[in-house]
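Chain lettering (A, B and C) follows the sequence in which the chains are written, and residue indices restart at 1 in each chain.
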Amino acid sequence: MASIKTKQIIPLLFVGLGLVFAVIGFTQLGFWNSVDGPQPGFFPAIMATVMVLAGIISFFQSLKDDKNAEYKLPELLVISAGLGIYVATFIIGLVPTIILYIILWLKLFEKSSWKATLIVLAICSFITIVVFGMWLGIQFPMGLLQNIL
Amino acid sequence: MGIKKKMVTLLAVILILSTALIGCQSQEVSKTYTPDSTINWTVTSSPGGGSDIFTRMISDIMTTEKIADGTIVVTNKTDGGGEVGRNDVAHLQGNKANNTLLTFNSGDLMPMVKNTKNRSSNFRILAIMAVDKQLIFKGKNTKYNDFKEAIEAAKNGGTVIIGGSKGDDIATYEAMLEEIGVSKDNMKYITYDSTGDAITAALGDHVEFVISKPAAASQYVEAGTLIPVLALATERYTGNLAGAPTLSEIGDYENVEIPVWRGIAAPAAMSDEAVAFWSEALGKVAETQKWKNDYIDKNKLVPDYKDTVKATEYVTQYEKDYMEANGIK
Amino acid sequence: MENLELLLRGFTVSLTPMNIGAAFLGAILGLIVGAMPGIGSLAGVALLLPLTYKFDPTTAIIMLGALYYSNMYGGSFSAILLNIPGDSPAVMTALDGYPMAKKKKRPGQALFTANMSSFIGGSVGIIILTFAGPALANLGLKFGPSEMTAILLIAMTSISWLVGENPIKGMLITMVGILLASIGMDTLSGAPRYDFGSMYLLGGIPFTPFVIGTVGFSQVISLINERNKSSENEKVDTKLSIRGSLLTKHDFRRLLPPALRSGFLGTFVGVLPGAGATTGSFMGYAVQKKFKSEEELGTGAIEGIAACEAANNAAAAGAFAPLLALGIPGSGTGAVLLGGLMLWGLNPGPLLFQNNPDFAWGLISSLFLANILTLMIAIMVIPFLTKILSVPTKYMIPIITVVCVVGSYSTNNSMYGVLVMLLSGILGYVMQKNDYPTAPMLLSFVLAKLLESNMRKAFIISGGSLNIFFTRPITLVLMIIFIALIVVPIVRSLLGRRKKEYTV
């Protein structure tokens, strides 16, 4: 996993982002008006330009840096779990997704005991359903079920 | 007689059938719609502002007068100038659609139509409650004595700075400029996030005038820190705002009045029964003493209740006119 | 000392059993709401407002005031224990609080520091409010667009104190914050900007999910590597008692100067239009960088926690000055309180002190009350809270993930918040891996919006001329400070270099 040279890629991505913001700022949003001074594009366009320059310098700096950032598999697993929760919420709703996530995560990945799993589940359900849901009155999305009800 | 007998039985059958049908129908009407225990009410402007006060006043009356049971949760969704909140409400489905309300006024409609593809037809318009109008106020240390002087100064190449909120305040400002024939470069407008912010700027003398509806400004008028200098209405206000002349009084102009209607909308998917319920409930609110005294009179609005049919008609026409005037397809 | 007399009269109003009960309840609710990420004081106050209609206005506002106030305490709990800021002012608390709790194994002391500093900062703020409230409010009014621009420019230079070893990387990440903040509706022109046709981007990047992601969720991602260390090793040294969480005399001596300093700074920031507690705590922390701290900030220094916690509570108190004296809400929460006042038939504003002195002074005295009550409650719960740290990491990971998801959903009742949280979590994680500091990004995100809108307003007033920044007295002074802040280090480093050349 360690072969990706993100230290070089990141400055380049920032340069790209800066370019997009600068071009839109300079050309589409309006830069300076003789009567009112700065227009919507003024501030972001200048900042984006600074970012492009800093990105280029940072890129050359990074070439000297031979330590690479290491990414580990379990870390990516946490990210995919997060994205999984996001996607699953649209299908089965937020609360069921959370319950499913905790059970799957603790049983399949951590191989925890049922007792520990249920305790964690109870804590999370308490925070989600009782504190946020009932007390603070947050209505959670119900996914596809909502249209059926 | 055979035929007669047959006719009688036929009539009887028809009668029975029809009463049964009517019975069914009336049964359907009576079981129609009851609101959930929690009603969500979205306001797309800042807490403490005009729309927020309007909403909280109605929800308060609904609860205390037992017009709608259950709790009404008012949420302020100001992201993207309120567009996100309006878009969310427009697309609600199912049971949620029947239990969600949206405060919707002309100041919301104008930027929505201008900046997004969202249209009033994506909502059910439940009612219009009242009409609001603006005035222009000056700060204590503003160098012009009245607005007439400010117009003169602007016409002679000076710069006058007016502060105000988004949406309908800008529309009124633009209409006024057109009438007095002054360019935007000589009478500038600074858009603040809310009327409150604009008033703050006027109190600190950072803007010379501020445009506001009576509700937000009245306490400052009472304290003498804001002075009403122009009523953007066809006639003068009463009470402590009576000192402000209309445009026709200060020069050879027509009066400028851009009425700001304040209404309530709901998701397009709200059922007809629910629409009828809420429209009627809002009608009941408009009849209460509390509404008349503590809201309409206190904030010097014009009461103008329109039920869902009339309000929809009115808003649709308003939107059409606005789009034509601004060349929006 | 007319004010003192009035304050004492205020205490006779607020010190009824009913009102103390209300303040107590408000303080507890505020602590919980504050500790829940995603639900800020704004939402807390807004949600509880309907409940308070049943009370009389004074009791209701005392309860809401206490809630608003204790919220600032609660935000630091989850920041210190979980590295998830409970509300946006607590972002800076996490920078030193979490390392202090985790690496130094002094969670009790970290919480104690936060509470004590909140108390000190808050007290400074309330005392200033009592004696100079209206004057302070009028001073705040003097700060128009040009003055605010100059102040924000000074604040922006403080970002450079946070960037760490590599200034170029610091600058890059600062710009990322600024550009992300520019997405959304441009209020001055009323036109969308960088929305790329998306309704959600039109709404901008919501700050709370952004913070929960960059600070909290990115933390979970790295935490996974530690989950196999047995929890026995992590056993917290402090005993589960208040005594075990007490600060030493030495700790207290380290805490006091930054807390007092931030108290004054925070009160001033709180009074400024549109600034608020978040800006207050950010500034407090940045300023502390300029003063001597016994340990380096960011490694778990008591000074770091004290500086920002004191500042945000002071700012919360300062924000009451324009609210009460002029009817100007300094923050979203202030606006809700204001709306509440109006519904009770009170007219907040220039006449409040004249027409409803009982109410106004009752509220101020209730702030004193709330401050003390909250400190007591907060210290009592410390031993129970530190227990959280003995939960094994592998169980904390799913719990924190769930809290991040639910919290970021709740800020706007929208899955968009969750998406922003996840993406900024990934961003924060990748940045961390590649040695980019994230604090400058958060600070610039907050300041850039304010800076831009004030600067453009100033230019509209001046007709595009720079004169406005050099002809108004307050602005001029601030601009000189700003320029000095930029020029002096450059000159100094040039001189230093020359000296080196000579000596070589």
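The rule we apply is simple: contacts are C-beta pairs under 8 Å (C-beta built on N, C-alpha and C of every residue); 3 or more make two chains touch, one makes a residue touch a chain.
Predicted model, so just to flag it, every value in this text is computed and none were measured.
Closest to the protein's overall CA centre, chain by chain, comes C.
The pair with more inter-chain C-beta contacts, choosing from A-B and A-C, is A-C. Relative to subunit A, the most remote chain by averaged C-alpha coordinates is B.
Remark: subunit A and subunit B have CA centroids separated by 37 Å (rounded to whole angstrom). Averaged C-alpha coordinates put the centre of subunit A at 23 Å from the centre of subunit C. Subunit B has residues 71, 73, 188 in contact with two or more other chains.
The set of subunit A residues that touch two or more partner chains comprises 35-36, 137, 139. For subunit C, residues that reach two or more other chains under the stated contact definition are 47, 188-189, 191, 413, 460, 463.
Those residues of subunit C that touch subunit A in the shared complex are 32-33, 36, 39, 43, 47, 166, 168-169, 171-172, 175-176, 178-179, 182, 186, 188-189, 191, 193-194, 217, 220-222, 224-225, 227, 394-395, 397-399, 401-403, 405-407, 409-410, 413, 415, 418-419, 422, 425-426, 429-430, 433-434, 436, 448, 451-452, 455-456, 459-460, 462-465. The residues of subunit A lying in touch with subunit C in their complex are 6-7, 10-11, 14, 17-18, 21, 24, 29-30, 32-44, 47-48, 50-51, 54-55, 57-58, 61, 69-72, 74-75, 77-79, 81-83, 85-86, 89-90, 94, 98, 101-102, 105-106, 110, 112, 116, 119-120, 123-124, 127-128, 131-132, 136-141.
Only residues 35-36, 137, 139, 146-149 of subunit A touch subunit B when the two sit together in their complex. Listing the residues of subunit B that touch subunit C in their complex gives 46-49, 52-53, 56-57, 59-60, 63, 71-77, 79-81, 83-84, 87-88, 111, 114-116, 159, 161, 166, 170, 188, 190-194, 196-197, 199-201, 203-207, 219-220, 222-223, 225, 294. For subunit B in complex with subunit A, the residues that touch the partner chain are 38, 40, 71, 73, 93-96, 185, 188.
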